[in-house]
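To keep things simple, chains are lettered A, B, C and D as they appear, and every chain counts its residues starting from 1.
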Amino acid sequence: MTRAVAALLRKDLQLELRTRESVPAMVLFSVSTFVLFRFALDRERLEGDLAAGVLWVTLLFASVLGINRLFVTEREQGGFDAFLLAPVDRTAMFVAKALLLFGFLSAVELVAVSVYSVLLLGPSPFQAFPGLPLVLALANAGVAVVGTLVGALAVQTRARDLIVPLLALPLLLPIVIAGAEATAPLLAEGGAEALPGRWLAILGLYDVVFGLIAYAVFDFLLED
Amino acid sequence: MALPLAAAAGAYVAGAYLVFLALILAYVAIMASKLARVERELTELTEMAERREPDREREPV
Amino acid sequence: MYGRGLKPLSIASVAALVGAFALVFFYAPEDVDQGFIQKIFYLHVPLALVALGGFVTGGVYGVKHLRSGSREHDMKSYVAIHLSIILGVATLATGMIWAKASWGAWWVWDEPTLVAFLIVFLLYACYQPLRFAIEDPDRQMRYAAVFAVIAGAFVPICFMSVRFAQAALVHPRVLDQTGGGMPGSMFFTFLVALAGMTLLFVTLWKFELSSKSARMQLAALRRRLS
Amino acid sequence: MTRRYGERLALDGVTLSLPAGSTLAVLGANGAGKTTLLRILATLLRPHAGAARVLGAALPEEGWRVRGRIGLLAHDPLLYSELSARENLRFHARLHGVAAARIEALLEEVGLGARGDEPVRTLSRGLTQRVAICRAVLHAPEVLLLDEPYANLDPAAVAAVAPLIGRASGATRVVISHDVEGGLAEADLVLGLRGGRAEVLAPPASADLSGLYR
């Protein structure tokens, strides 16, 4: 299983480095969304729950972009058949794609959050450490799991780039709620307040529940 | 928040129950139209069957 | 074959619903602080509960379809979700009317169950577009079942995270599903209303199933004859 | 085996058995069910009715057991156009657990040693077909499922790949081809499909293909 996951991941990273389709697009999208929010909210400096809200909404839509691109090469260049012909457990595709999306999201957040702190964030981002990376990591796991499911579900359909946001937005809402509620105190004006553990529990529960469900149903999305 | 007068309250409650009734009736109407389509198709099919093997009564005994 | 128990079932649901409405207006006492407006509770909450039950039933039949691959389970899952979406519309409509009546605004964000229900409704509204976006019938059934399972698991998580976000509850907990805070007579009326709504759901469910299977047999007959 | 697409029967009760090492030529007009049959045998499609056994494994339940021993060459080369031939083959080698040395040997054999590092999308259809053939036989499969293997190949290429996918390879082969003479010459058994049904199932000598392309 790990051999197949490694092979798939290496191939996908090679493809991404060569075509540079997903990560740059997600970063550029995030930055232009921040600029958009600057004018939409008519604020130059954000803090507290508004800052958290803007960050998490932007990351949500950026991940929808990533989810849309996740299975495109598999669908168009026979990647599914090539994979199904190999004597490997089909869940390897799910694990590989989820890890790939997790990696993309982390890379995008590395750039997007630093740009965000320069452009819009009032308080310095470093006050939010180490809480912020922890929340981001937990949220990325949830987005990776559900995103991979939604991506696989949508790629075989006709209106693919319509179905992904339609499904992903409601499904990822609990992550945005939990993410924003957990990040808000960290970005408070007078210095980071305590990280509410309750929201980390919600994120963790989300990851576990959807991880198990994805593990159980993903194979049905490949079967024919 | 000032609570609206009881009379207005009655209107809202009635409104809620009417919305529910309206939805159920709409659903029944849709199902009725589907039933009508089934009936139309069935008559078409009986005609087809008719052409295929005419009824025995018509054949001379 | 689905329409077998339909007649007694529809009689029972009519009796239960009419009985419930009678109880609501002539037996149950008015709520101490909400007054007459609270009567919407006996319609709104059973609608919401039965709709959610229908979504979860859709998920259960989704799992059964994934295991068995039978067209019948898919049909039952589809009809359950399809009906729950209709009841969902009724739930949201009555919820908004209730919000307007008691707080003066059509939509109120500080009622967690209503907000969570809206999110769940938005997700399930994609069920039909997803089905129509897939041509191959077998794949359509399988993907619809996978969706039903995912969405079924999403319902509790969504309610929990929205409820957590609503730490400070503004208005009385009369809306609470468990009905803990209600006097006996009101709770009894609520139970009758809930039973009536559930019976209505099962009746419509069997009704639509028999209608769909009739239409499928008709199409098969047409193919054989043409 | 039967497979339906909605109400249409893509494959309707095709029954055949192929002894190991022999070759079956599958002929028939477009849409006759040839590709459907091939995909079922490749464990990519589940038969809706009937049963299929490949290398002793019942499909679809035990499909995973024989997946590593079947080589499929379909219309679609199943290669990533942005990756080079070598990278594609390395990906498949890792997936199948095959040593990298075999890649170089295969690339030399089909005459692609020099152009192995250019992205596949820059290769001509003939060269892409050669890479696809390398992919199909990379894990030395015992069963070869070939969908018009010699399409887009010049005579020199056909000779070059013959030991890999021809009779010389010694594998059990199911070959779909429209070149009737070529197909019959190589076959031990001929299957003529029409509208999903097996119209002809006979050795090449006595196969009457008149009704097949009407």
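Methods note: a residue touches a chain if its C-beta (ideal position, glycine included) is under 8 Å from a C-beta of that chain, and two chains touch if they have at least 3 such contacts.
Note that the structure is predicted; figures quoted are calculated from it, not measured.
In the assembly without chain A, touching between the remaining chains still links all of them into one piece.
A summary of chain positions shows that the Cα centroid lying nearest the centre of all protein Cα atoms is that of chain A. Simply put, of C-D and A-C, more C-beta pairs touch at A-C.
Note on chain placement: the centre of chain C and the centre of chain D lie 50 Å apart, centres being C-alpha means.
Note on chain placement: the centre of chain A and the centre of chain B lie 46 Å apart, centres being C-alpha means. In terms of their C-alpha centroids, the spacing between chain A and chain C amounts to 31 Å.
Averaging C-alpha coordinates per chain places the centre of chain A 39 Å away from that of chain D. Contacts with at least two other chains are made by residues 223-224 of chain A.
Among all residues of chain D, none touch two or more other chains. In chain C, there is no position where the chain touches two or more neighbouring chains simultaneously.
Applying the touch definition to all chain combinations yields A-C, A-D, B-C, C-D. Chain D contributes residues 5-7 to its touches with chain C in the complex. Of all residues in chain A, those touching chain C in their complex are 146, 149, 153, 156-159, 162-163, 166-167, 169-171, 173-174, 177-178, 181, 198-199, 202, 205-206, 209-210, 213, 216-217, 220-221, 223-224.
By the touch criterion stated above, chain B contacts chain C in their complex at residues 1-4, 6, 8-10, 12-13, 15-17, 19-20, 23-24, 27, 31, 34-35, 38, 41-42, 45, 48-49, 52. Taken in their complex, chain C has these residues touching chain B: 21, 35-37, 39-40, 43-44, 47, 86, 89-90, 93-94, 97-98, 100-104, 200, 204, 207-208, 211, 214-215, 218, 221-222, 225-226.
Put simply, chain C touches chain A in their complex at residues 66, 119-120, 122-123, 126, 129-130, 133-135, 139, 142-143, 145-147, 149-150, 153-154, 157-158, 160-162, 164-165.
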